[in-house]
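Chain IDs A, B, C and D follow the sequence of writing; residue 1 opens each chain.
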Amino acid sequence: MGNFKGHALPGSMFLVVGLWWAGKSSFWYATRSKLSAAHLSSRAVQRRLEVIEGATILSFSVIGMLAEQFSAHGPRLHLYDYAERQWHCLMNWQHATMYLFFGLAGAVSLTVHATGSAPLALDRMLLGVAFFTEGFLFLHHLHGRAVLDAHIHQLLLYAVFGGAATACLEVFHRGNVLLELLRASLCLLQGSWLWEIAFVLYPPSGVAEWDLKDHSNLMFVTMCYCWHFGFSLLTVSAVYCTVCWVVQSKLKRTQPMELGLLKTTDKEQESEDEI
Amino acid sequence: MGNFKGHALPGSMFLVVGLWWAGKSSFWYATRSKLSAAHLSSRAVQRRLEVIEGATILSFSVIGMLAEQFSAHGPRLHLYDYAERQWHCLMNWQHATMYLFFGLAGAVSLTVHATGSAPLALDRMLLGVAFFTEGFLFLHHLHGRAVLDAHIHQLLLYAVFGGAATACLEVFHRGNVLLELLRASLCLLQGSWLWEIAFVLYPPSGVAEWDLKDHSNLMFVTMCYCWHFGFSLLTVSAVYCTVCWVVQSKLKRTQPMELGLLKTTDKEQESEDEI
Amino acid sequence: MGNFKGHALPGSMFLVVGLWWAGKSSFWYATRSKLSAAHLSSRAVQRRLEVIEGATILSFSVIGMLAEQFSAHGPRLHLYDYAERQWHCLMNWQHATMYLFFGLAGAVSLTVHATGSAPLALDRMLLGVAFFTEGFLFLHHLHGRAVLDAHIHQLLLYAVFGGAATACLEVFHRGNVLLELLRASLCLLQGSWLWEIAFVLYPPSGVAEWDLKDHSNLMFVTMCYCWHFGFSLLTVSAVYCTVCWVVQSKLKRTQPMELGLLKTTDKEQESEDEI
Amino acid sequence: MGNFKGHALPGSMFLVVGLWWAGKSSFWYATRSKLSAAHLSSRAVQRRLEVIEGATILSFSVIGMLAEQFSAHGPRLHLYDYAERQWHCLMNWQHATMYLFFGLAGAVSLTVHATGSAPLALDRMLLGVAFFTEGFLFLHHLHGRAVLDAHIHQLLLYAVFGGAATACLEVFHRGNVLLELLRASLCLLQGSWLWEIAFVLYPPSGVAEWDLKDHSNLMFVTMCYCWHFGFSLLTVSAVYCTVCWVVQSKLKRTQPMELGLLKTTDKEQESEDEI
């Protein structure tokens, strides 16, 4: 959907997911490195959270697909217009395909953590595949647009392929908190940049439109992308610090009396992420 | 051979190999992770299977080379036409070269597993080399074609170079089931995409021809490629689930009485994949 | 700042940092591999050095940002010129953005080593991000310049992205002296090349100007870049040899009497770099 | 030197080095995997061989540099022709720069193995740097040539950058025989391809010249490159098999009586390659 909403909605989804990932990774890291807090991070809770995350991503994707197909000008599952002998609403179909792969990743993550019958790293591999497919479709999606329009979408590709690469690295370095936080911040970057695209290409009424062919606009937009990245890094570190501080202050109250009891059960409960 | 058969035949070969790899990897993973089933996965069986696989790939390649050379319009081993002072059937020679490297990979795999005198990972490295060479030749093979013709072959390169990269990663991470399944699905993707190329470029009589210069056809084909990839991922996961279910139901019957006896011999028999 | 000083000043900063890194890495390697010298390389000293390094990088960056903003023709924090309806001093803003990310890296390094509440490898990841952002901005910064001007800046990108890649590899291979020395020499290369750019594009008065469109100048500059790299490699190895020689000659005097006492405390003090 | 000799001479050097590497790697692998043969592969012998190899590469490079500088039309160390206000023999200077980095790699390898005061992996890193610099100079070296001339040099870059990547991987996976053999075959490929370039661009008198603009020549040359690669892979495997066979037949005669005595000293002598 080439309009404000069509960029702002997925942008918001990515922002929510990015914040969630930042919080989740920080929390597991904080509790893991303190070597305790067994009642907070029991294996069952971790597994249930992953299942909920998978289900959420799956439902986000289904909502996105339905919105692309059945919105006002959507294709309603018609692919080819035999009357006019041309493809019908290819844009919407492409966006629906992007959602499809994220849905696949969500479904696989749900299955892996709910049944435990497949290798754990599969969820990250499918996530990497989903990001890669998104970037792949964007890459072949920009033909014949104005310079700034193409450039602003191209910049998005850095975040998308960066996310794909990070997720693939996690297949081999699972549980590395740095990779998880990097993935979270790249996801936030994607979300905030989609909002920026919405504002630049479809400015709300009353605001001057951008000159899509001016070279200095291109240079500004490139710099602005770096600011978004800096902002997303700061957001993730703020989340990290908050979570660490909360966990630590909670631990101080509970640790003294329970530490002795929990030490043995604790190690067992962290074993899901180990190969 | 620039015709329907010349794309459909290798496509079918890749489909068969992809399905075989998906089944094989799932089977070894299922039996390995259950830590038993010694009578199914004995080392000798595994080795014999690898030898058969190598021999099959070798014979596929030889058949392909012979077909390229001695088919109706083939070069019959003549490389240069001295009468007309030009190269003779370069297309067929290029395809034969692709088959040659797959033949090399098959022969090496056969030798490695039959004699055991070379490092095991050699089979994956040669497989990676074969995929890379295929992609390399395709890359320099598209000069002067119609836009859609070039693009549809370029898309194939993602699967080919993806397969090469996966095989090379397996040199260092041998036995990683995720990489093996990814390789299988990229191989399936190649096979099904070759069929798609056959239908698009050489449509069976009675079907309208594609406009090879229309930009919306390009966009549709790109999206279609993603659907093929999704389809191949689903196929591989279906194979994986079936194999796991069959192995598990077989184990339930045999395990109780044999488990005690097999435990010691089992570890020994899995040692081929370990360095 | 498109003038001599604007290239020479950051060039000098990079030269200083490169030399410092070469010396530091060589020193830790020399003392670590001798398995002693506890009084030189105690953990507290190492940590204090890292904190000082982080603070220095942070202050360099702040100075750079202020210089870009408040120098003679700087934007003084005005981003958009509403009178002329165009962006105000985009160049300076871009350079300030580059310094911003190095400042971020310095601040994070300072925090990590001063508080110890974040994973150690974070300093290298942020350093990689800072180098990457620098390269990213340079990459989209060269539109519409003369051939030689664009080429001479492009060459810089090899050193910048090389530094980014090396820093990212260090996230996974922390403490590898080869990577650290490579990073130091790429940093030196950047510094000396910025001086070269200053001399080529803004030759001091009295020197003949370069023809910015001559192809043979392009070829010479490319070769000259290799000489700079060779020179930076030699500088790093000279620093390495000097440091090793000094450490060894100092150890010879102190070792005999202290070796027995230090052996046990030594292992403890090296533990910061181990995961 | 843009003539037959200027390509054939370095080609022969690369062929010799490639064969030497193939033989050396096979020999150490064969003796290592048999876990014996202490009198053949003693640590001192290995070190001396590496020193000799470094010295040979160094002298090859010095010879190459002198040939480029002082041959009939060489620059004789003059860089700038003040009379005609242009660079003097840039081609020769570029080639000399390539040799310079290989000389550096040889000198470093010699130092590392002779003194043992630097990390072992340094020799591979410098080798990677030398290959990378060669490729880097070739890449910016092809401006304004005929299509076939540029293409045939570009193909060389695959072998050069492949060699650089392999050498860099060896920094982290030292002693992996597959990487060593791959490096050897890429080096052979470079050597034989330089001979091919010599024959194509400077055909001996009496042979028809190639049409440097014909597209089918381009396609043939690309395919021919694959054949050269296949040929180099076969050569390396032939060397590997010969060496293995010779080592095994020698071992059969010496093993029975010496095995017991050598077992303890053997482990010690293999320790140079372990970190």
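To be clear about the criterion, a contact is a pair of C-beta atoms (placed from the backbone, for glycine too) under 8 Å apart; a residue touches a chain by one contact, two chains touch by 3 or more.
Here the structure is a predicted model, which is why all the values come from computation and not from measurement.
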Steps needed, at minimum, to go from chain A to chain D via contacts: 2
Interface residue overlap between copies chain A and chain B, same or different (over half shared): different
When chain B is superposed on chain D by its C-alpha atoms, the rotation angle in degrees, nearest 5: 90
Chain located farthest away, centre of chain B as origin (C-alpha): C
Length of the line joining the C-alpha centres of chain A and chain C, rounded to whole Å: 32
Chain B and chain C: spacing of chain centres that average the CA atoms, whole Å: 45
Junction residues of chain D - those touching two or more other chains: none
Overall pattern in which the protein chains touch one another (line/ring/star/complete/other): ring
Which pairs of chains touch, using the document's own definition: A-B, A-C, B-D, C-D
Parts of chain D lying in touch with chain B, wherever the complex brings them together: 29, 158, 173, 177-178, 182, 215-220, 222-223, 226-227, 229-230, 233, 237, 240, 244
In the complex with chain C, residue positions of chain D that touch it: 86-87, 90, 93-94, 97, 100-101, 104, 108, 117-119, 121-122, 125-126, 129, 133, 136-137, 140-141, 143-144, 171-172
